[in-house]
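Chain nomenclature is as follows: A, B, C and D, assigned in order of appearance, with residue numbering initiated at 1 for each chain independently.
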């Protein structure tokens, strides 16, 4: 290993060759402020266009100041991170950025969580010496994401996530100079673009330029409305992240406090999406086994691999990018939608509430769920199965807004029947979790044997693309896993080219899976947080008495009382869906 | 166009093409070479100046003598047309009268190459009508 | 943005260009140049076709089109007026000439008159600095233009 | 082969073509035919002669007569008088502005006297569309010499010894750049010629490409041999159609001749050149931006290192030089490093091409030895200030450079001296300004350019230049305070210090240099609300003097907005509200009755 010795603020520093000044400074306790730079260590993702110029430092012998995030350490370098020249330059640059930023912090969605605001505070900026034109773009309000790009500071993180990580390619820097901004083609609304609403752009935006559509006011309206019965479902990933919003360590499991808080907020019933996750396994697992058995029997018409379909961002992705492969993903609805479909039929009946008087709210780590709940095929006579979807962040905001001291809450249980779940339902939150849950059930159903060890360690991990072979009692089942849509694309292209050997593939749009969803508390570039959430999910699974979906007594009861059998007629009607070709086509006229 | 396959090919080609632009190159530095002016006013042309000029250009080129042949207006020696002025580098210009093709050949051989003056020089104290007018 | 339908033959021509460049993403700018020659400008639909053929994202194509001033998404006027705003022309009064065009035609720089007859743009140095200030109308070059000449220049095309 | 007795060289540069240069060529050919002189007279369309002020230019060979401001109608007379009768057409000769005498030979003109032509050696001399003429001028001989007699290292040493520095602006030693690229191991390397000349008011590179495209191709091949690359790319502005055409022809001819392509001169060395088109982005003059643009991306720069010589086009080692730099290479190889190094100053060797423009008598393209003074350039070559006005400032380096004044006139021009004065060499734009130019407005003009051309990637350039412009705008409207001047200076310094690429690192120069050199003028705007040069519209009013006006009505007729009223033979009055301050009336008034207040 090559070593480089240098001096930063008169402190001797020894680093590996290739280290940036930013990291070298950090290693001796010197924090150089940054704005555009972002490094997601565990995902091998780095955004450093070197554009904000807030991290400039003075390097002896150089004519200009150097950006610490993009400057490699060289032998004998003498660096000053806080000379007068640096302080003046850094402050002036911040003043410039702020001079083109709307001063509406009070009502901004990012108030208190905004990197730009924090930086302005840290640098002690009280007034901006520049006045002049401010950028003005039209606001874009899609079903899931709001773009208020007057607040864009051109850090390009969203563009990087959208293009390099997710390969959705819906965002690009457009125009140039003062007019430049990140936007979809033709500045069209996201709704008309190929946006999947994965929300990874929102997850990394340092300002309020990108945010979720906030449904908390509508939820409050429903709660206040005495003619409505309002029930809530909470996705598995929410319980391991919500605590962060209340100052708890990442990885704290707050399932009980969450249930308690939801009751205090006034929900009539507090249910668990995990229940629907178990239901998903019953349907998707059955579909997988069915296809597999036909395939093994030599049926050439049956398509393998089967792809999971729980992730709405992923569904949007293949609908616009792989319209020729719409028959490959499982037809099973996502847990959110299965929950809604059962709630508005079976449960409504049980509760004696009319469909239109029952409001189903979902708390999700996800922005695409907002869009998914609004899809036409998930409505009956215009009434959606899931009425409102809010994110982990919005829930936290509602709890704070209700003056509930979250930390002091006692643990409470979910309501029944749709609050009971297994460990298999919980692990849906992690990459690899859906397929592991499916394997637990499919193994036992297929082999008619009991699993000795329910953990499939081979399916776990953080690598973007993973594969494993699971032994179904002599039958090797090849499984592929991808998280992040860029990784998904690679697996899909293999399938498209007929090169894929997998029987089943799990795909989640967000890096890390739902625990890293676009609606989760901001990680501010610290992927250690994602790992802690993932570990908590596995802990929650371990703590569960029942860990296989088909053993969930309420699921068994649901089939007995209502659905019949997995993939049966009623299941098909309520729990399965179909997909659409969303690729845009240009109309051409004949000469 | 034939491809040049070696540097020698290129050099040969250049040698062949050189004459195409020597005229231009020479005009840029006339002080370094033989300058010949041919009087080409009506009287000159009538007396065969054009043939003389053509001959000079071709013959000088054949003998690979770096020279600039230009036409000029009436030198005022209408009685002795065609007249030419020969200016060797470092020497005073000399004007010859009655230069037909034969005489031109002699000028090249004897004066330009050999460096000796020939008969038929119009003395320099001979003033032209133009110059007379200016006086 | 008004949606338009592109002519079949021109689309084919564009697709042929993409093929000639072997669908190389790196040739995007060359392809856009060719597209602008074929269609006269680069409406959204043309960009969609280029994106599709070269297999690049449409947002990227748009990002490139809006970066370079040579590319335009609005059709030029029948007589495109360009006023050179190179420094040589500027110090010899090009701005006043440009102002006069804008005033007489009642358009901003980069716009086309409602009748589609004239469009006004400024450009950087035609390289005819000896003729400054320089105005071009289509292919024709006008040198040493003064504001009071503008009316006459325009009347040539009316 | 026809043996022509006369060659008529007609300038085919963009400037002269804009003034009907093509028609002149046609008419000359016609007149030659009319006089049955096809075998005696050759009409050649060449590249730019440089003397654009007096274009179109026609030069008669061999007597070197230089006709200026020729019109197509003059063609017949040139043939019948000059060629047939041997009489110079006096009225088309250049008139020396001082002696008022006709000068027939270009060598005797002030404009050409102090020039040394290396990069422009063939411009206005050969037909750029005919490779034979280039070969006749020793073309591709340097390439042959390098390929057959030298190792790449030996050739690089010659370039290093010559002292040649990049002519695109930065002045990085060319030989060193080649050496670095040579030393990076890779099986694929690229030679890129930057022909995306974006400086407003500069046209050096275009003239070279139009007048002598082969010299650039030859130099690129030499560079390819030296760095170990066989791919050449020319990134050229799409707005240069003539240069593009000539390059295409040149590349085609060079391939046919075998001096581009496989196994050149039988040495096993392959080299070929392709064109890539710029699309109107000044920032693409920055080499990393240029490379991104060639890759089909937005032309945004990236932080260096890595330098293109290590990781450039498609991630491969790439050597980028500009047109003028390349044009010097064959001469250095042919004439030797010593010859080149004998011209110029200690640290800046050789010559530099400038596009001389603005308020100067002889606008044009010049090539002068490094170390010549601005005074010599402006007054001897440029023929002084137009209309007898007073010299005020000269701007070098385009939007990256600064405005120099009287006190800088005797400083020898080289990279380091210009930098020390707060300007820079830049690519070679040189704009002369007179007493009528407002320096705040000039700074604003350049900032307007920078604001439009900033790529937007880094904050100081994206927002900072906009704010610089806005403050300057405030000053020209008389609304700024002295505090604003302090903000302006600090902002300018910070933008230079923190911007990502060369564009932002130099864009405040026009502001900072004018603040340094024309402090009083800034103060006049700020403190007194006056524009001493009378250029800032908001700070002035046109007034007709009642005493002087004779009521000729000329002003009211020329006024584009009918803001001048008055009866015939009565003093006229300007309606100051309607007046758009275009100045047309003042230009037209023959009695000096209109003034600015």
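The rule is short, and it goes like this: a residue touches a chain if its C-beta (ideal position, glycine included) is under 8 Å from a C-beta of that chain, and two chains touch if they have at least 3 such contacts.
Predicted model only: the values in this text are computed from it and were never measured.
Peer 1: Any chance you could check whether C-D or A-D wins on number of contacting C-beta pairs?
Peer 2: So, comparing the two chain pairs, more contacts are at C-D.
Peer 1: Using CA atom means as chain centres, which chain is nearest the centre of all the protein shown?
Peer 2: C
Peer 1: Centroid of chain A to centroid of chain B, CA atoms only: how many Å?
Peer 2: Their C-alpha centroids are separated by 90 Å.
Peer 1: Between chain C and chain D, what is the gap in Å from one C-alpha centre to the other?
Peer 2: Between these chains, centre-to-centre, one finds 23 Å.
Peer 1: How many angstrom lie between the centres of chain A and chain D, each centre taken as the mean Cα position?
Peer 2: Going by mean C-alpha positions, chain A sits 54 Å from chain D.
Peer 1: Averaging only over C-alpha atoms, locate the centres of chain A and chain C and give their separation in whole Å.
Peer 2: It comes to 43 Å between the two C-alpha centres.
Peer 1: Among the residues of chain C, which ones contact at least 2 other chains?
Peer 2: 56, 63, 67
Peer 1: Would you please write down the residue numbers of chain B that are in contact with two or more other chains?
Peer 2: Correct list: empty.
Peer 1: Can you tell me which residues of chain D touch two or more of the remaining chains?
Peer 2: Touching at least two other chains: 281, 298, 452, 455.
Peer 1: What chain-chain pairs meet the touch criterion?
Peer 2: Going through each pair of chains, those in contact are A-C, A-D, B-D, C-D.
Peer 1: Considering the complex alone, what residue numbers of chain D touch chain A?
Peer 2: 281, 283, 298, 300, 302-303, 305, 451-460, 462-467, 470, 487, 490-491, 494, 496-500, 505
Peer 1: Taking the touch rule as given, give the residues of chain C at its contact with chain A in the complex, in rising order.
Peer 2: Chain C reaches chain A through residues 1, 3, 5-9, 11, 44-45, 47-49, 52, 56-63, 66-67.
Peer 1: Which of the residues in chain D end up touching chain B in this complex?
Peer 2: For this pair, the touching residues of chain D are 1, 3-5, 7, 9, 61-64, 83-87, 107, 125-126, 131-133, 135-141, 144-145, 147-148, 253, 256-259, 265-266.
Peer 1: Can you list the chain A residues touching chain D in their complex?
Peer 2: 49-54, 56, 64-65, 67, 70-72, 85, 88-89, 92-93, 96-97, 99-100, 129-133, 153-154, 173, 175-180
Peer 1: Using the touch definition from the top, list the residues of chain C that touch chain D in their complex.
Peer 2: Against chain D, chain C makes touches at 24-30, 32-33, 56, 63-64, 67-71, 85-93, 96, 99-100, 103-104, 123-132, 134, 141, 143, 146-148, 150-151.
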